[in-house]
Every structure is written in structure tokens, then in C-alpha cells.
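There are two complexes below, and they share chain A, which is joined by chain B in the first and by chain C in the second.
Moving on to the complex of A and B:
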């Protein structure tokens, strides 16, 4: 039964990891930008949920509907006004720019919200469900379903919508997309906006589970990075596969080698993947 | 022509003269100020702890300056605290300390945050023979280096775990199995190791002892394992974010135990506020508590007065970190005034000789520089408030069994 509990914990956590990473993967895959501001977007989303719940009693489930458009606009404008100016520069330039933007946003959050840890506590608490002695907290379960729903929505958007097909076209071959009449600048901004929206929504969901502080942004960014490398870039299913694999390795590693070694194991796995399968579980080889 | 030369010289001379006057004035004012260096992790993961320490120092500086400053041989000197942010990076704490001493013209130093950084930075202040008061370093390893200029206001870690173990053994005889989960960091791990020794010495069965990495986002696997072992006492160490996360995930997994102890988060008001009902009946221990009642000879006088001043300035209840930082300032003031000089060796000797009651409790340093005169309080969160269980002199209530 203990093994079943560990497996269930890992699946739930894996979906949350996928939710953290999906926007990061999209931006990296389409724009070739390693978006270091992603972790701070997640934390800002968590503060939004915290603020709306405590000040206006708006449930975090509704806050997703506020976060998605708000962060989309924020990401869209950021890309259009700043990142777009250096988008064709080598990856180090965009990396440095997002690093700088992250410093500004993170320090602004420390200034306005302070570095104290806060917790969004729902009243009444949602409790847990227990099936054959395997316990699953309801908030995590709902967050998992929401994470899967967001992932599914992005998948549908990329597959079925005209904008989604344009994003995929730009990802596959930028020059060919230009020749086909795709407005690449606009698609870049939409992709960045979508990445920011997904980060904001992930933040709302994370607020239910983890303590909120600007200092947690690097933790989210690190997880997103590992999930993308394991699962493969620019692929929705890749982020899900990477998240599940990471959570499983951490869960099993923690049980057999102790929790102190769980992170070490996940990074060993990262190195193995970088050497043997750099395209990740579901990524396409050779794609930059 | 002559007039124009005079005019030209005058134009040059006026700003020059002003600069000389300003320089002389600044030197004069520099002489009337005592500068205290405070390297702190103002940014980075330890920033919340640094802010607390800073509040303690600032409160002391404000009170000292309000009273005219520190009296040295009949002359009053204003207090100035020079802060340096070492970004939660211990090697930078060492650099910041060296810069403050060699370039920042500080007279005395406060230690860096926590045992690890305080130990590392103390090598520099010892080299330059600068008296240093560490406000938040408890591990004996900080003080066993044979240093003469380092003093600390936290008693050794076992003074927290031993009374706690004895209380649980006496009051909850059904507790047999203990599980310990510790943050893999100098202070939280040292506390956990002391707890391990204390538990074994008192005949408890230690069923689980594991460390978790700094920055761990999810504890569910470790907690599932602890749950399967059914311990009656769960002991977790870490800082406030770790402990809030562990407590939330314990509730998620429906973990219950007669006794749950967490060090060091519950001493902070944020833990009680953020934890809500889940914080109830959690036991903890810290080096100071606002419920203490001492009539001190320091600038703050009584514990009540310190708490009143703190609340007026920061609109919140002080915790042990803030109180210890303020105490360090007050102790420097006492030692400097007694020495009647700013000579570092004389002030060092006065600190070593110090034997006085303060708002924090009686202060006397051992031969190694660590305080040895305090009984740190054990407390439990009851009704959203910390209730002191030990020492007897300031006891506010009895231990309640059962954490759901």
C-alpha cells in the first residue's frame, strides 16, 4: 500500500510539474528563448490568487480566469516591446535580457509583498479522499485536473486553431512560415503571451499547495528546466512525460535513498538524458 | 585685469574652501559616531531572517540615539549601523566582513546570519581583532575555534532539545517511537542531531532519521514513509517555508501523532497565521519568548518595555531573532560604556567579563564566547498563541497532546 501511495503522490506531483513547465517549454521551443522570468511569473500568479482570495474572497478556481488574460497581455507586451528587439540575437542575449527582467520583477515583488512566506488556506479546507488507504488531498487532485485541462487546451489550440498551426509552423521552420505569409513577430508575441498565461495559471494552482514567496521562483524555474530537458522541447506531451518522469524519480529516490538524495538523482537523470538523449523523451532531435 | 584675477581666484577658492570645510566637518562627525558592521543576507533565500535581524539592530540603534547615543568617557557617540548584503551566499559574507573592517571603518561587528555564515565570517573579524557579537549562531562548532573576539547570544542546541525530550517523556508516556526529518543545513541538521542524541538517551525508539535538501518543493514521499512507520512523535527541523510546507503535506496525508515538534518556524507569527488551525498543538523551542519577564540593566530595561517598543515600531510581536539582534546592540553598548573607550581590546575584555541581567535574560559568556546563562523556553501553539511550557518560572500552560 505504501508503494501505491508513493506512485499516486508521484503522478499528482508529475502533473503539477508539467503545469509549471508547459509555458516554459512553449517559449523555449517556439522562440528559442530560455525564459528566466518564468519562475517569477508563476509566483506573481500565486500572489494574484492569494490577493483575490483574501481581499475579495474569490476562489482560486475563478482566479484562473483572471490570471490567464492578464498574464497573456503582460507577456504579449513584454515580448512586443522588449524581447522582440533582441529576438534574432544569439541565445545568450535573450537569456541575459530575461535574467534582467526576472531580477526586476522578483525584486519588485520582494519590495511590494515582502520576502515573508504566505499560505493560501481555503476555508473550509477541501480535505482528502482516501481509497484503499491511499490518501490524495482534494486540492492537489483538483489542481492536477486543472493542470491536465490547461495542458489539453494548449494541445487543442496548437492542433486545431489557425493561430496554433501558425505557432507550430514558426517552430518547425521560421523562414518557410514567413514565405507562407505568417506574421512571425505577432506569432512570437502570442507564443510568449501564452507562455506567460500558462505560468500565471500554474501560479494560481501552486498557491493552493506551496507557500508563496518571491524566493520560491528559482525553485519553479529549476523544475521547469529539468522537465523540459527530460520531456523534450516544444511539445505539450513532452512536458507531461517529463513532469511524470521527474516526479517518479524523486518519489522513488526519496524512498530508497532518502529525501536528501532525491534532487541529486533527478539531476543525474538530467545529465544522462543530456548525454544519451538530448532531444528528451518526446522531443525532436536536432531542433534548436 | 587685476579685478578679473581676483574674481577668478575667488571663484576657485570658494568651492575649494567649501570642500575643505565639508571634509573637516565630516571627519568631526565621523569621530562622534560608532560604526557597527552588520553583514546580512538581505536578498536570497534567507532574506526573511535578515529582515528580522535588521529590525532588532535598527530598534536598538534608534533607542540608543534617542537617548543621545553611547556614553564613552563622558562623551556621547551616535550609533550607526552599516549593512552589507551578502545575498545568502556564505563566501560573500566573509568578503563583506573583510571589506567593512578594512574599508568601511567599522568599530565593531555583528555576526552574519546563522551558524554557518557566522563561523565563516568570524575568521576575518578574529584576524583583525574586531569584537563580534553573533545574534543567531547556536552551534557549538562556531565557538570551538579558540577565538577570543567572537561572542554569541544563543545557547548550544542541546539546551533546546533536552528539556523538550524530558517534558514529552514525563507527560506523554505513550510516546515510544520518534521520527526525525531535518533540513540538510548546518543549524537545522545540528538541532536534529541533538534531538537524535537526546531521544536515544531518554530511551525513545528512533524509527526514522532523514535529511531533505534545501529548496525541496515536495515532501510527500518522505511523509508517506514516516506515516507507514506510525511514530508517536514527529520532529521536523527547517526554516519557516519548509515547515509550512511539511505541515500542509502532513495534513494532506491525514497524518496524526500525539506530539509534533517543529524547529524553528513556530516561533514566528507568520507560521501561526499561515498555518491556521494546522499549527495548533505544535511544540517548539527557541532562545527567547516575549512572555518572559526580566528586569534588565540594558537600554531596553524590562522584557515588557522591549516588546512595547518593538510593537510600536513594527506593529508586530517580536520573536527570538529580532530580540537577540537588539540584545547584541545593547550588550555592545554596555561593554563600551563600561570600558569607557572605543579600544577594541578593552571592549572585548568587558564583553568577556559581562555578567548582567538584560531584557533577554541573564547574560554571561563562557570561555568559548557562547552564552551559558540562559534557559531557552519550550512552547506550544495553543489557541493561535505560543504558550510557554518551560522553564517553570515563566510557564503559561500545560502540554496538550494530539496533533491532527
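Moving on to the complex of A and C:
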């Protein structure tokens, strides 16, 4: 039953990891930008949920509906006004740029929210369910379902909507998309906005499970890196596969080597994957 | 010997005369300035000459700091500890480089960032050897006074900087530097005409690692206490890039000037806006990339004039 518990934990965590990584993967795939602000966006989303719950008693489930449009606008404007100016520059410039923006946002969060660790505690607590010996807290379960729903929603958006098809077209071949009449600039901004919105929503879900502090942003970012590389860049199914694999490796790794080595293990796995299979588990060019 | 190389050596000589004018504070700043210049010049070999966006500087800095720190704890003299750290980093990075440098662009950037994380976590967990998260206390090197010690570490760092500068100049003027420039411009084409790109890139990566590692070693002995989150700080990877961008990518003189200028800015920000120091650094980065992407070296009067002629 121990193995079953590890497996269930991995599935729960894996879906959350996928949700963390999917916005990052979208931005990397479509804009070709490694978006280092992603981690801070997640933390900001967590603070939003924390603030709304403590001040107005708005349940985090509804906070998602607030976070999504708010972060979309934030991301859209950030891309349009700042990132768009350097979008054609080499990776060194875009990466350093997002690092600079991340420093600003993170510093602002430390200043306004302090670096203390906080926790969103639902009252009354939702308790946990247990089937045989496998125990899963209900809030985690709901967060997992919500993460899956968000992932599915992005999949549908990219697959069915006009904007989604345009995003996929830009990802596949930017020049051809321009020739077909796609407004690449606005698609870039929309994709970045979507990435930010997904980060904000992921942050709301994280607030339910993990402690909140500006200092946790680099941890989330690291997870997004690993998930993207493991699963393969720029596809929804790749992010899911990467998230599940990472959670499984971390779960098994911390059982056998102790939790302190889980992060080391995941980054070593990342480097091995980069060298041997840079296209990831489900790697192929294209976004659905 | 080109004009800008001579200018760089003159600049270093001016820096060396700093103890004549300042007290302990000036010496501390001078030591930091030399350290930053070492990091930036070293990064320039792989980032500026070869055009590979390496974020691994912090990994080698921390590696050198811990290697030297542990060796000093075992009773080795400082110079031997620093030399061992440099050689170990050279070997490690050449081997790692042979694998990592096959990646390009974004993938190389991510892999080099991950290297910092991996080393930090390894050091964090090897508590028996490194003290783990508790950090590592490093014995005092000399029992002499405060000022004498500050002077000692200033000149130790300065000599290291001189060696780094000579290395960078030698690389820039040699076949290696020419090969790296070819790799930067078109790697596939340069390997087509018979350039051993893997070998060249590995040498560049190794050279850029060994001086950073030695600087980390001197830093560890200088501050007497290191912990993983301090020496494996990702900022040590990003700051050299900002300095190089500030001064002008690829030009040793520009990069060294960028490092000194950056230190000046950082010191002003630290002194006045301690709560916002990382935010201000972020702001500097953003403004720099938006408005001065080719660095201060692009502000040479000749360039300005030429630009004006076109308008």
C-alpha cells in the first residue's frame, strides 16, 4: 500500500506541476523566450488568493476567475510595452531582460508582503478521504482537478478557437503565419498574457497547498524548467507527461534517498535529458 | 598589442595604486572591483567571444569557494588551495563542457542554470564535508592586522585579475579567439571548414571557469565564512552578463570598465536604498537592454558622429 500512496501522491503533484509549467511552456514555445518572471507570477497569484480569502472571505475557487483576467492583462501589457522591443534579440538579451523584470517584481513583493511564510488555511478544513490505506486531503484533490481543468481548457482553446489556431501557427512557422495574415505581434502578446494568466491561476491553487512567500518563486520556476525539458517543449500533453514523470521521480527519490536529494535528482535528470533527448518525452515540433 | 589592450593594462595599473589613496573601505571596494572584473572578463570568453549564453559562472564561483574553503580547513596554504580550485574547475568544466556545449541557445542557457542548482544542492547535502546549510567557517590566513589583511587580499585579487586580463588578451589575439569568433557567427559553417568546434568551445568554457573558481577561492578566504545560498547565488551568474552588456560585449576593455561601473552603481544603491537594491538592479538591467543594448563602448564619439551622419 506504500507504493500505492507514492503513486497517488505523484499523480496529484504531477498535475499541479503540469499546471505550473504549462504557461511557461507556451511562452517558450511560441515567443522563444525563457520567461523567468513565471515563478514570481505564481507567487503573486498565491498572494491574490490569500488576500481575497483573508480580507473578503472569497473562496480560492472563485479567486481563479479573478486571477485569470487580471494576470492576462498584466502579461499582455508587459509583453506589448517591454518584451516586444527585444523579442528578436538573442536568447542572452531576452533571458536577462526577464530576469531583470523578475528582480523588480520579486523585490516589490518582498517589500509589500514581507518575506514571511504565510499559509492560506481554509476554515472549516475540508478534511481528507481515504480509500484502503491511501490518504488524500480533499483540498489537494480539488486543486488537482482544477489544475487538470485549466490544462484541458488551454488544450481546447489552442485546438478549437481561432486565436488558438493562430498561436499554433506562429509556433510552427512564424514567417508562414505572417504570410497567412496573422498579426504576430498581437499573437505574441496574447500568448504571453495566457502564460501569465495560467501562472496566476496556478498560484491560486498553490496557495491551497504550499506556504506562500516571495522566496518560493525560484522553486516554482525550477520545476517549470524541469517539466518543460522532461516532457518536451510546447505541447499540453508534453507538460502533463513531464509533470507526472517529475513528480514520480521526486516521490521515489525522496523515499529512497531522502527528501533533501529530490531537487538534486530532478536537476540531474534535467541535464541528462537535455543531453540525450532534448526534444523531451513527447517531443515534436508543434503545439497540438 | 592593440590600443584597447594597452588601455586595459593602464587601467589595471591605476587600480593597483589604490592603496596609496584610500583606507580599509576603499580596499574592500577595490577587492570587490577586481573580483567582479575577473568574473566579467571570464564570462566574456565564452559569452562574448563564442556567443554561448552561459549562466554557469555562479556554479564555478561556488565550486572554487568551497574547494578552497575545505582545503584551507585541512591546513593547506591559501595559494595551493586556490591553484587546486582553479585546476579542478578547469578539468571539471572541460569535461562538462564537452557534453553541455553540444546544446545551443535556450537549451544551453537552461542547462548552465541547472548546473548552479545541482552544485548548490550537492553542497547543501554533503554536510560532513561542507557543513551543508550551516555554512563553512574558514580559518584566518594571517594573524596580522585588519589593514594588512585587507591589503593582502586586495593584491591577491588584483594579481588574479591581471592574470585573467592577460589570458583574455592572449585568447583574443590567438587562433583560439579567431575560432571562437567563427563559432559565434556561424557554428555549422565553421565546423564545415574543419574547425574542431567541440574542442574550441571546451577550452573556452574551461578557461572561463578556472579563473572564476580561483576568484571564488580568494573570496572564501577573504570573507572567512561561506554558505551555499551565498556563493551559489544565481546573481553571480547574471551580474557578469550585465557588466559585459554595460561595457560592450566582446571587448575586454569595455567589459572591465563595465564591471567597475557596475560596482559603483551597486555600491550607491546599497548605501541608499537597501530595501530596493535588487529591484533597482532589475531596473538597471531593463533600461540597459532597452536603450543601450551595445554597451557604453557604443557611445564612443566616432560612433555617435557616424550615426549622426546617417540621419
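By our rule, the second predicted complex is superposed on the first by the 284 of 288 C-alpha atoms of A that agree within 3 Å, B and C clash if a C-alpha of one lies under 4 Å from a C-alpha of the other, contacts with A are read in each partner's own complex, and residues count from 1 in each chain.
In this section, contacts are C-beta pairs under 8 Å (C-beta built on N, C-alpha and C of every residue); 3 or more make two chains touch, one makes a residue touch a chain.
These numbers come from a predicted model, not from an experiment.
A.B. asks: Using the superposition on chain A, tell me whether chain B and chain C clash or fit.
C.D. replies: clash
A.B. asks: Which holds for A:263: it touches chain B only (first), chain C only (second), both, or neither?
C.D. replies: both
A.B. asks: Pick one for A:142: touches chain B only (first), chain C only (second), both, or neither.
C.D. replies: neither
A.B. asks: Thinking of the overlay built on chain A, is A:119 touched by chain B (first), by chain C (second), by both, or by neither?
C.D. replies: In the superposed model, A:119 contacts chain B only, not chain C.
A.B. asks: Examine A:2 and indicate which partner it touches, taking first as chain B and second as chain C; both and neither are also allowed.
C.D. replies: first
A.B. asks: Which partner chains sit in contact with A:28 here, chain B, chain C, both or neither? Use first/second/both/neither.
C.D. replies: second
A.B. asks: For A:153, using the defined touch cut-off, is the partner it touches chain B, chain C, both, or neither? Pick first, second, both or neither.
C.D. replies: Touch partners of A:153: none, neither chain B nor chain C.
A.B. asks: Should A:163 be classified as contacting the first partner (chain B), the second (chain C), both, or neither?
C.D. replies: A:163: touches no partner chain.
A.B. asks: In the superposed arrangement, does A:255 touch chain B (first), chain C (second), both or neither?
C.D. replies: In the superposition, A:255 contacts chain B only.
A.B. asks: I need the one stretch of chain C that runs into chain B once the two models are overlaid. Options are 1-9, 127-135 or 199-207.
C.D. replies: 127-135
A.B. asks: Would you tell me the residues on chain A in contact with chain B in one complex that are also in contact with chain C in the other?
C.D. replies: Overlap of chain B and chain C footprints on chain A: residues 107, 218, 222, 260-261, 263-264.
A.B. asks: Along chain C, where are the residues that touch chain A in the complex?
C.D. replies: Going through chain C, the ones touching chain A are 47, 51, 53, 55, 99-100, 102-103, 105-107, 109-111, 113-115, 117-118, 121-122, 124-125, 234, 238, 241-242, 245, 275-279, 281-286, 289-290, 293.
A.B. asks: For the complex, give me every residue of chain B touching chain A.
C.D. replies: 43-45, 47-48, 51, 181, 184, 210-213, 215-222, 224-225, 228, 240-241, 244-245, 248, 251-254, 270, 274-276
A.B. asks: Which residues of chain A touch chain C in the complex?
C.D. replies: The contact residues of chain A facing chain C are 28, 32, 34, 82, 85-86, 89-93, 95-97, 99-104, 106-108, 111, 218, 222, 225, 229, 260-261, 263-264, 267-268, 270-271, 274-275, 278.
A.B. asks: Note which residues of chain A are touching chain B in the complex, please.
C.D. replies: 2, 5-6, 9-10, 13, 107, 110, 114-119, 121, 125, 128, 130, 135, 137, 139-140, 209-211, 213, 215-216, 218-219, 222-223, 247, 250-252, 254-255, 258-264
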